[in-house]
């Protein structure tokens, strides 16, 4: 994700040293740092969850508070260090992970003024995405990026699909409002749209469901239609994922065959040894 | 969508001028027109929704009424102008968007006589489909048309699938009616069919669910069967979408065939070597 | 579906005549016959449904009874004629449609002795599958058979998948029985299995749902697992459908290219005119 | 699954004899053994289920107990024999099926001390996976292994997807906790996460559903997002399944490479021309 190559510092030796520990994971200390980070994130997330449970919060309120303080201070130090040791500071601050690092700190300081913002600390979980590096698996990153790339490439089609879905739900919801009148769950058009989305996405809570025979008939038509629609996003992503599968750089320079597996050493069409 | 090329007017200069603004979006005024249109549609949709919420309607009834009048009159003028400036009037009136433009006006005038029809104004949202042009993204249109084409090409298979699904649901519903007798939710065959559709499409409201052990066993069999069936529409659309991933820029310069696969070296219609 | 070619009668001229009307739809009378058949099936189905609605049955009981008698007698005559005019009688009787024709008659006669069997008359809907011919669309048949063939070819994989799903549901259900003890909906193992199937297939009625925190945690794990499982049948059918897409008979006899679209007149690889 | 080739015993003749019966199914006795094993597993599973139903257990308690004893003793003997006749004992004991065989015995003996463990006997169902051999269908095994291999190959992508899904659900759940406050079903963050998972996976029990307009709006956004996400695992497995549709009969006779695509003409590992 993060293009860390641009961030190599050039000044003091200790910056170099800390940079390697914090931003890389190819040294023992770097790996240790990542593991501790991962643990702190998990502990922080667990605390936020447990604080929301009344009887747990009552019993361990002070413990939670102290731990939250410690972790938040540690994260603050880490954030400051990250900025200090990186050369291209602006690049880091406005990078994907830079923003997440910032967002995972700010609710703590804001919560002194607005207590409810405390729960935004849950965004710390997003930091976990970074710690994929701990597992040091380039392949993992590759697999992840295949998914991300497929989603990115099909994002425009998915936007169109979502826009269509929203228009469809609004219209269907309004029609259902006319059919089911002011019956419970269909009192207003927005509520009927809520029902339409719950139905088309096949979630089907059942907190709102058609009551009149006419409404049920209408719902049946909608469900059958939705059942065909569900195929569309799947088709989009699948087609894209298929497209992005093969190693796109590889090509046989004798016969021009482009369908070359990752583990292939010879072209399967002409038998030429691949470079 | 709309083949606007056939609609070029040839008479008065002001018709030319208005035509470009209304039907195209390659001028500054044309874009402004589209943006205003988009806003009016959104405002109109929001008003209809808010009117359905009693306390909002009570408070702002007059405001809503006035705004609705203004927008409807503006849309009426727009519709009249569209017909006036287009050369092939019949073509426009009976085109997809021509019908939508008409349908988004008529409920307003009908609502003087039949108040309930007011909610049909929600069809105005469909006009939004046209305003894709605002974003001026040919690619967006292409992506959209890829989806539309894939659905069109697989529509016959989906019809067959839906017909099968309906027959399946009717039979399963009737069998469940025999099993669950007159228990709540299974009082009549149509109600049992409603349950069958809710189950097979995996919506599962839970307003109706099997009660007897026998009925539950039957439901389990149905769910497992439905779970395999869900794969069918997905398979159809995916296969079709894969199939139609042609290169949209490619075109045969001898016969004008636009349906050219990415890996094609010769036009499949006239046999000409492609550049 | 039905291989009607083997059924050509060779004796009396009236058999020939009736055969063409009943089994084919390439004559005017043949088409009329199919349309009437389709209507009778729809009327018959509608009657069975309406009979199950108490107030409708009370009001029109006699009408329904008479119509049912008429249609059943007509179907009996048709069935007898079908057997009479076909040469290979055994072949017809034990063919897919022969069995359906029989099954759609027998509940009527059985209902004199066991009234409940009347509802089996709903199987008459299956006869509709035959009347696809009315629409005289060979393409429709082709599209249908593509789906059927894809399902047939992947049936063994789907069986394995279903077997795995059943074993999985039984084990998960039993484990949930241990977790949720005798709480409502989890009184016995079969009931817990019912819950597991409802959850894994994402139907989610909500008539049974986990109550204890432990049970909810368990359900979350199951749902996430089920979410990955849902991809399997889809993958199977999609892969199979893709495989069976191209016109398998067509092949370019110059370059051996097998990827030839239905509408292709020239090979897209070497430009050769196709036969 | 099990690589039985390594397990061939070399000592006494009776070991050879029993080995063939127990581990293979190419003799009459071997097939009989498998069929009896399958029946015992089914009976054992049925007993465990029926024991959980109070009125059945009350009536047939003794019968169930005796049958359970008999089957468990038979399974114990079988397990001992399996170990006795196999040459590479450690290999068997720690193989997939070796562990299952052990797990399907141990709950019986443990249940003398901890009665609740009895229900773990349900794991015996997993033994059914072995008895696929009874049907003696190599093709069945092939089809099964295609699915297993596709899942294995895409497992890393699915792990990433699940990790993302968990992080997503935790964050969405926490945000919903802030929106819906302490309303029923949203009392704590873990409960809100439970709701988020139920919604994103489209299960939708309805035991917890949003109540405030704000919460409903939030749920609608989540559902539409989840609707696009559902496509990802499907895309992964489908792409993998397509990829691995190799010809299972083909093998390179120089290097023994078995991973050969249908359209391959040369071995991709050693470059040898394939027959």
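As written, the chain order gives the labels A, B, C and D, with residue 1 at the start of each chain.
Simple rule for what comes next: a contact is a pair of C-beta atoms (placed from the backbone, for glycine too) under 8 Å apart; a residue touches a chain by one contact, two chains touch by 3 or more.
In this text, all values refer to a predicted model and were calculated from it rather than measured experimentally.
In a homomeric contact, the two copies may use the same or different surfaces; for chain C and chain D, under half of the interface residue numbers are shared, pointing to different surfaces. The greater number of contacting C-beta pairs, out of the two interfaces A-C and B-C, is seen for B-C. Residue-number overlap of contact pairs with A-B passes half for only one option from A-D, A-C or B-D: A-D.
The geometric centre of chain B is 29 Å away from that of chain C, both derived from CA atoms. Between chain A and chain C, the centres computed from C-alpha atoms are 40 Å apart. Chain A has residues 161, 190, 193, 202-206, 230, 234-236, 238, 242 in contact with two or more other chains. Considering their complex, residues 45, 48-49, 52-54, 116, 119-120, 122-123, 125-126, 128-129, 139-140, 143-144, 146-147, 150-151, 158, 161-162, 165-166, 190-191, 193-194, 197-198, 201-207, 230, 233-238, 240-242, 245, 260-261, 263-273 of chain C touch chain B. Interface residues of chain B facing chain C in the complex, by the touch rule stated above, are 156-157, 160-161, 163, 167, 170-171, 174-175, 177-178, 187-190, 193, 199, 202-206, 209, 213, 216, 219-220, 223-224, 226-228, 230-232, 234-236, 238-239, 242-243, 259-261, 263-273. Only residues 202-206, 234, 238 of chain B touch chain D when the two sit together in their complex.
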